[in-house]
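There are two complexes below, and they share subunit A, which is joined by subunit B in the first and by subunit C in the second.
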Partner chain A sequence: MSDAPRIVVVGAGPAGVRASQALVEAGLRPIVIDEGLRDGGQIYRRQPDGFGRGYAKLYGSETAKAEALHRDFDALRAQVDYRPRTLAWNLSAGVLHVVQDGQAANLPFDALLVCSGATDRLMPVPGWNRAGCYSLGAAQIALKSQACAIGAQVVFLGSGPLLYLVASQYVAAGAKVAAVLDTAPERPSLAALSGLLARPRLALRGLGLIRGLRKAGVALRKAVVPVRIDGTPEAGVDAVVVRSAAGEERFACDAVGMGWHLRSEAQLADLGRCDFAFDAFSRQWLPAIDEDGRSSVPGIYLAGDGARILGADGAEAAGRLAALAALADLEHPGARARHAAEAPALRRTLRTMARFREGLAQAFPWPHAHAAGLPDETVVCRCEVITAGELRECVRGKDAHEVNRAKAFSRVGMGRCQGRYCGHAAAEIIAAAGDTPIEAVGRIRTQAPVKPLQMDVLQAEPDA
Partner chain B sequence: MSAPARSDVLVLGGGLIGAATAFFLRHAHGLSVTLLERELVGRQASGTNFGGVRRQGRTPQQMPIAHRALRTWSRVRELLGEDLEFRPYGHLRICHSQERADMMAEYARDIRQAGLELQLLTREQLRSRLGIFSDEIVMGSLSPQDGHANPRIAGPAFARAARRLGAAVHEHTEVAHVERDGDGFRVESTDGRQWRAEQLMVCCGAWSGRLSAQFGEPAPLEFRAPSMAVTEPLPYRAGPFIAMNSGLIDEVMYFRQIERGNIVIGGGRRAEVDLDKARAYVHPDNILRQFRELRRFVPAFARVQLIRVWSGVESYTPDSRPIMGPSAKVEGLHYAFGFCGEGFAIGPGVGEVMAEAIATGRCGLDLSPYAIERFAEAG
Partner chain C sequence: MTAPSAPRFVRLSETDRPAVAFTLDGRPATALRGDTLLVAVLHQARSLRASEFGDGMRAGFCLMGACQDCWMWTDAGDRVRACSTPVAEGMAVHTRPPRDDWGRMAQFSAQLQAQGEEGGAP
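Moving on to the complex of A and B:
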């Protein structure tokens, strides 16, 4: 085994588990790094011990897939070097830098499979910095990991399938959902429909969720323009105000879950110096990958929502495909044949998912035009408390037409989250204020650490 | 092709020093000036450095420029109408060995003749004044008027002010060709634009050596990437910029707190740079070494979160002195580069001095220790 290739998988969600499984099938023992307490990732988040709500309640129509992923990873556990609660905080040439329970380790690799998942994509709304505002993902985690709701009366605001899914899960769990407010147009375009028809059963399931919410008496609005989130510093949010064809409406609530699809967690790819390319459908920069998940850097493979937002089914296919590609590239015995046999079907699956993704992006578009209309006093960067007006002043007064320039001048995206939650909106504000194409505004460069690192971390080994 | 644009002075390189030189050429001397910058003003070393503005630790020979530069820093707000976050709250050196303490005391005695007054602080005085150091620290040396400023905004602010005064500042303009003929200097950019001027200043940081070599004056520069980092915000307490003084590179740490509350950190081993891509990368192991040393000297750092690291491309000369002043070979040509990681601290002052030297042929300072000719034999 001593000259077996060293392979590290980052992430134990759908992509990471399926990648690990393919590696174990090839007789290898990969290291599997995961930030979570348990495997499953975010979508199939595995519950802490003693959790009362069962799979069917938590995962609904996806119960069988969640159970299968958890069961399959359990079966792999003895054959992988699984390291939960571990942050991959940096990446240098051929070495992944991780920290677990305050102890650092440097992991040299021949192949790195980054299955880092996604976080919510957010558009600021005046007042979104009040206590009681959560991302849709956070609202769902509260339910899946702590069996609690984010509030007693919740408004969901945003667009995309997760908006309706989380709202339905809240209703099913007995939470009071005051309204679901969607910024998407009333009717999807024909182009959007043809994309959605790539996965007709999933599209129907989405319609079923909407019907269920209506039946439960939840106020549903489409084509809304968010006006503001009301509240006080002491008590947090108390209402969401939106404008739509029905005029201006105010929905009282004590918590808001918001999000517009997802954004890839591509920090490791960036630190690994992988090339990125602008994706016009979602108006975001994504790491460049080939059909099988090879990045522009030899030895670095990207799979799952961390590279393309294709959802959990797509992530399972992409994880397996990237692992098979890595094994083939390493000329592992038998790997080329395996890859040749399986890749066509996996690629076909991914192409279907990609068509569906394009349909979703058109049916539930990222409301980029809202950025231009945000009042100057709206906080954009919540970590550093930078307003839309300050950002616009950097564009108009200081010629900062590129997002890293605006970051240097204004501190936008410089805080704890490094622009995860404000970077896309900040780019739209800069583009609108300077009349610059969004792709020319660029993307916020990643700096280590991927997430904040407490300074009591102990070194991997004594200095050379 | 249109005729070359003419000005009195062409400044190549839009770092803090180039931008400040352009500003002072307009502000103090009324010369017409054109500044050419390959990418964006202030984006390389002068925008990514630690932000220290100190005189303490410099040699007596370098003290005149350091004094002058500190005076320039103290006038920046009035000159530019902008706050570059210059805070003269002091520079405190600390050490953990008696040997170093003796050296610091000797330095304090000797440097007084060069006009720098330092206060030596005992372990007990450090405890009562700051109360953050471990018992390992034996002595401190405070230079009360030194301080720190914000590198990210300094160069661009000088360039904007220069532009307001009529300087032509061209960003995204890469120089393809430079020559001198009977009519002065002619510069052509990669996209075919041309400029002419009587005098030319080369201040392209780490990339200056290519141009100086073209004029027969090679500079033996080495390139290094410092390791910078910043913590989450903590309650703010106005204080000095603090530096660990040690003979061991791994122990040399420095940090300062900004008003927003974050602590900016630098120090330890420097990493390699990619000069062609103009990028520098922090070595991950050095970040963890910084943690170890900072915890050792300031135990409270153990519970602080680090949120971001960065680096920049710096150039170093063999004798740790910058190259600053007129060319020995070419009439009308001036240099200011190779600042050995110290350019920001004196940048506005260097701009003022260079503008004066270009405009009048004199600057009231002896620039001979910085002359490029000192490397002529070695080249």
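Moving on to the complex of A and C:
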């Protein structure tokens, strides 16, 4: 057993669980690193012990999938080295650096499967730094994992499927939803529709959510331009103001859930020196992978939303496929035949998901043009309260047309979130201010640690 | 609309969990077992901390350990990320630093300077 390949899986969401399962089926015992207290990832996040809501209440139409994923990981627990509450904070050649409960460890690997998931993608709105503004994901986590609403009267603002899903979940749970404000155009283009038809049942379910919200009396607006989030520094938000063809409207609220689709958590891929490519559909940089999830670096595989935003179903397929590819590449006994037998169907599934993703990105586009119109006083970096005006000044006054140069001058992207919540918008602001194509602006280089660490953890780090 | 002192979050169900006692800025408070610290505090107050960049109070943003907006201070002067820390009996948290770190820094640099003037520096 000592010459068995050392395989580490990062993430215990849909991709990580299915990858781990394929590895265990091949007779291996992978290390599974996950930041969460429990497995499931964000989408199938498990509520803490002592909560009593049933699966149907928590996961709605996705009940069977959530139940299957949790049950399958429970069954794997004895056969994997599962490390919850563990942050993978750095990746050097062939070694993953982790910390769990203040204890550092270095994990050498023969294959690394990064299933790191995604976070919300945000466009700043004047006032979004006020207390009471949350990401859409946060609004959903509050409900699913803690059985509470982010406020007594919530406005949802942004675009994409999560906007309508979270709003519907709030209404179903008895929360008061003041409005759902979508920046997407009134009607999707033909190209968008043809993409959405790749998964007709899912598209219909989305339409059903919108109908349900209308029936519940929730104010729905499309094609809005966010103007500002009103409130006070002490008490936080008290209204959202948007502009549309109907003029300016103000929706009173005490909380805002906002977001525009998701962005991949690709920091480990970056630290591992994987190549990235610009994705024109979503206007974001993504790690380059082949159909099976192989990155440009041998031994590093990427699956799930951390590599491509295909959603939970796509993540399950991608996780399994990447693990099968890794086993085949390692020439593990029987792995080549297994990969050859299963890969075609898994790849087909992923291609369908990719068509749907392109449809979604066109039907609910990232409103990149809003970045150019943000008033100079808008806070772009919430971490350090740096404004669009300060960033534009660096572009024009210091010739910072590239995002890392602009980061060095302005500190936008250098704060505690390390550009997760400002990076994409900052790139759009730089592109617009300097009249530079967005792909030429580049992407923020990842610095370790990928999340804040206590200094004494680094001091105590064992030798690799 | 909402009173400035009203809690920010609203419990929709799961309210029959055992109570957990903690303190917020030195005042006794009650949460429910299974609450994250963020949820526990936002059922008592409208925010978690004051922004050190002067734009007002903050109440967290992503709830998934990614944005780092929800760090609070403990009695001992350590910091905890409220969204990923379960509340525990007897926990003592603060919305502002319990110690004046900048004051200590000024004291430290004055000390260094004094040492330099005593001829310690070449």
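Basically, the second predicted complex is superposed on the first by the 456 of 464 C-alpha atoms of A that agree within 3 Å, B and C clash if a C-alpha of one lies under 4 Å from a C-alpha of the other, contacts with A are read in each partner's own complex, and residues count from 1 in each chain.
The definition used in the following text is that a contact is a pair of C-beta atoms (placed from the backbone, for glycine too) under 8 Å apart; a residue touches a chain by one contact, two chains touch by 3 or more.
All figures in this text were calculated on a predicted structure; none of them were measured in a lab.
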Subunit B versus subunit C as contact partner of A:354, first or second or both or neither: neither
Touched partner set for A:133, first subunit B, second subunit C, both or neither: second
Which of subunit B and subunit C A:440 touches, first, second, both or neither: neither
Which superposed partner A:252 touches (first subunit B, second subunit C, both, neither): second
Chain touching more of subunit A, residue-wise (subunit B, subunit C): C
Touching partner for A:452 - first (subunit B), second (subunit C), both, neither: both
Partner chain(s) touched by A:414 [first = subunit B, second = subunit C, both, neither]: first
Subunit B versus subunit C as contact partner of A:141, first or second or both or neither: second
Contacts of A:379 with subunit B and subunit C, given as first, second, both or neither: second
Overlap of the subunit B and subunit C footprints on subunit A, listed as residue numbers: 384, 415-416, 452
Of all residues in subunit A, those that touch subunit B in their complex: 89-90, 92, 95, 97, 104, 106, 384, 398-399, 402, 405, 408-409, 411, 414-416, 418, 447-449, 452-460, 463
Interface residues, subunit A side, partner subunit C - complex: 35, 37, 42, 47-53, 119-120, 129-135, 137-138, 141-143, 145-153, 173-175, 232-236, 238, 252, 254-255, 265, 379, 382-385, 415-417, 420-421, 451-452
Parts of subunit B lying in touch with subunit A, wherever the complex brings them together: 40, 43, 47, 152-153, 156, 160, 231-232, 250, 260, 281-285, 287-289, 291-292, 294-295, 301-310
Parts of subunit C lying in touch with subunit A, wherever the complex brings them together: 1-2, 4, 6, 8-15, 17-18, 33-36, 39, 43, 46-47, 51, 53-69, 71, 84, 86
